[in-house]
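Note that chain A is present in both complexes that follow, paired respectively with chain B and with chain C.
Up next, the complex of A and B:
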C-alpha cells in the first residue's frame, strides 16, 4: 500500500483534499486531524484491511507513514 | 452565595501537574473573591469565566459565587467574534481568562486571577438569595441571538442533592472529569456533583489522548466514578484495553443517544454499573438514568426520574402520566428561564411542565427516548442549531441560500453538513465559504461536509426539509 493510497484514505477521513496533505502529515499538526476524524480514519483502515485493529496498533497510528505501515501489514 | 466548601474534595489537575486540597481551594477562593470585591463585583453582576477544565476555573467560579455574582461559563474555543456576540447579550462587568488568547472580543476588562495570593477568610457574604442567578450557560446563538440558560442557586443545590441521593458512594471516592466545564453535563454532573459530595475530582486532558489512556488513568488515579458522552467510548473501546484495578464503580453516559450495543460494551469493558442518563442544561443536567444492573439495557432507555415528575405531551397538548409523545418534566432543578428571552422561555414552559423536545414513551418502568423533535444536530454531545448556521453561511457575499443538516456518523453520532446554493453568475468556491465560517465560528460547530447545489432540495409541498436535503444529497431512501 503506497503513501498516496494512505493519503487518500486520510483525506477522506479528514474531509479535505489529498493535495492539502503533506507527506509528513501528523496527528496534531493538521487542523482537521482531530480526535473524531482520527477515529473515522481508524474505522476506514479497518474496513480497508477487512479486520479490526488491536488496541495497541490502533493507538500507535499518529502519522501518514504509520497509516501506510498499518495498511501494509 | 456561601457554598458548603468545608465538605468538598480536592481537585487534581493532571495537565497542570498540581493538586488543590480542600483547604488550599478555600484559600484560593478567598483570595480571588477579595480581588473581585475590590473590583466592585457583587450581587447582580455577571462575570464571564472564559476558560475551563482546570483547578483555577473552579477557584474562579466559587469566588464569583462568594461575591454573590452570576458566573457565565463560556467555551474557551469561541472565536473573538462569538465572544463579542455573547458579551453584547450577557453584559458582563468582567471576563476572567487564563491566557491572552482568551481575552479578545469581550469588550470589558479581562483579568487572570491565577497569581492572586490566597487569603484566610472569604469576604463578608453578599446578601444573595437562593433564587438569584448562579450560572448562565449558553447553548446556542454565538453568531446571532444567544440562548443563555439561567440556573439559580436553588436549582443547582436541588440538582446536586438529588444526584447525591441517586448515585451515592461512588461520588465520595475519585471522579474522572472527561467533559468540558462550560456546559451542564460536564460542570454540574461530572464535576460539581462529586466535588460537593466530598469526593475528589481528577481533571484529565480530553480528546484522543484521554481515549488512549483511559484504562491507565482509571487504575493510576483509582477512579470510582466518571461521566462521559458516547463518542468517548467509541474511541476508548477501540484504543484502550480495559482497566485492571477494579476501582471503577459507576459510569454515566449522556448528552447523546446511546445504543444498547454500545451500552453493553461499556458495561463489559468497565465492569462498572453503567447508567444511560437523560440530562438537559435547562434542568441543570441529569433528570434521571437507567442502570445496566438495576434496570437493564435497551435502546433509548433512561429509567425513572431522580426527583420530580416525567410525563408525555400529546399532539393535542394534553399531558398524560404515561404514553407516547413529547417528554415533559417537572423538576426543582428547572432553569429560571432563557436570559432576556421570555419568548423562548414561554415556548418551552407550559402549564408547569418543561418541554424537552425529545419524543419518547413514559411507562411504569420509566422513560424510553425515541428521538428528537427539535431541529438540532448532536455532534459528539455538542448541540449545533442548523438555522443559526444557515444564517451565518448566507452572510457570505456569494451565497444565495444555505441549509445545514445532520449526517449520521459512526464516531460522532452526527456530523454537520451544509448545502449551499450560490448566487447566479457566481462560480462558487466552497472552500472560501468554509473559511468564512471558520473565521467566525468555533471549529466544533463548523460544517465538515459541504455540497454545492443548484437548488436546495424541498419537500413535495415546497418546504425546505433538512431531512429531505440529507436524503437527497446522501442518496438515502425515505424511511
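Up next, the complex of A and C:
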C-alpha cells in the first residue's frame, strides 16, 4: 500500500480532494480532520485490512505516514 | 525528624455556579430545571450512549432532574454545554475532582448529534481545562473506550498524553469480548506550555 493509496483513503474519510493533502498531513494540522472524520478513517482502515485494529495500533494513527504504515502491516 | 514539606496553597474549588463563555459555546452548572425532553432523548439514544458503553434507557424529566440534583457541584460537577447563538443545550460534562490528589476526571457527551464533528469538545474542554487548572487542579484525566474513535480524536488533537491501555477493562453492554480503554492524562504545566505555544 503506497503513500498515495493511504492519501486517497484519508481524503475519502476527510471528504476532501486528495490533492489538498500534503505528504506530511497529520491530525491537528488538517482542518477537515475532525472527530467524525477520524472515526470514518479508522473504520475505513479496518475495512481495508479486513479486521478490527487492536488498541495499540489504533492509538498510533495520527498522520498520513501512520496510515500507510498500518495499511502495509 | 522528618523534613518539613513546603506549604502548598490551599486548593481552591471552582466557584459555584460555574459559568464560562467561549467563542461559540457557554458552559454553566446544570440545575434540576435543566432536565428536558431533549436530554431524555439523548439518554434513550443508542448512538449517543453506545460510545460510552451505557445502555440507552427511558428516563422521565423528573428522574433526570433527580439525577442532576445528585451532583454536589463542588467535587462532582455537572456542566452543561449551550450554543451561545441559540441558547440550545447540546451536551454536558461530568467532572469528578479529587481534592487530595488535585486531579479532575472529565467525561463529556454531546447529546445533540447535529453538533457532532463541529469541534465542540476541543473548544469547550480547552476553556474548562483553563478554569480547572486556575482553580487548583494539577492533572486532568480522561478514559475513553478504545473504540470511541471521536473521543480518542479529541484527546489526541488536544495534546493529552496516552498514559496506558487498559486491556479488557470494561464489560460490553451487549455481550462480546471485553472492551479496551485508554488512559489519557494532561498535566497543568504541559497544558500551560501548549497554550503559550499556540498563542499568537
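Methods note: the second predicted complex is superposed on the first by the 73 of 73 C-alpha atoms of A that agree within 3 Å, B and C clash if a C-alpha of one lies under 4 Å from a C-alpha of the other, contacts with A are read in each partner's own complex, and residues count from 1 in each chain.
Everything that follows uses one rule, which is that a residue touches a chain if its C-beta (ideal position, glycine included) is under 8 Å from a C-beta of that chain, and two chains touch if they have at least 3 such contacts.
Keep in mind that this is a model prediction, so the values were computed, not measured.
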{"item": "First (chain B), second (chain C), both or neither touched by A:7", "value": "neither"}
{"item": "Partner chain(s) touched by A:59 [first = chain B, second = chain C, both, neither]", "value": "both"}
{"item": "Which superposed partner A:15 touches (first chain B, second chain C, both, neither)", "value": "first"}
{"item": "Intersection of chain A interface sets (partners chain B, chain C)", "value": "27, 34-36, 38-39, 42-43, 55, 58-59"}
{"item": "Residues of chain B defined as touching chain A within the complex", "value": "207-208, 211-212, 231, 234-235, 238-241, 380, 409-412, 415, 443, 448-449"}
{"item": "Touching residues on chain A, where the partner in the complex is chain B", "value": "15, 27, 31, 34-36, 38-40, 42-43, 53, 55, 58-59"}
{"item": "Chain C residues within the chain A interface of the complex", "value": "116-119, 121, 146-147, 149-154, 156-157, 162, 165, 167, 180, 182"}
{"item": "Residues on chain A engaged by chain C in the complex (per definition of touch)", "value": "27-28, 33-39, 42-43, 54-56, 58-59, 62"}
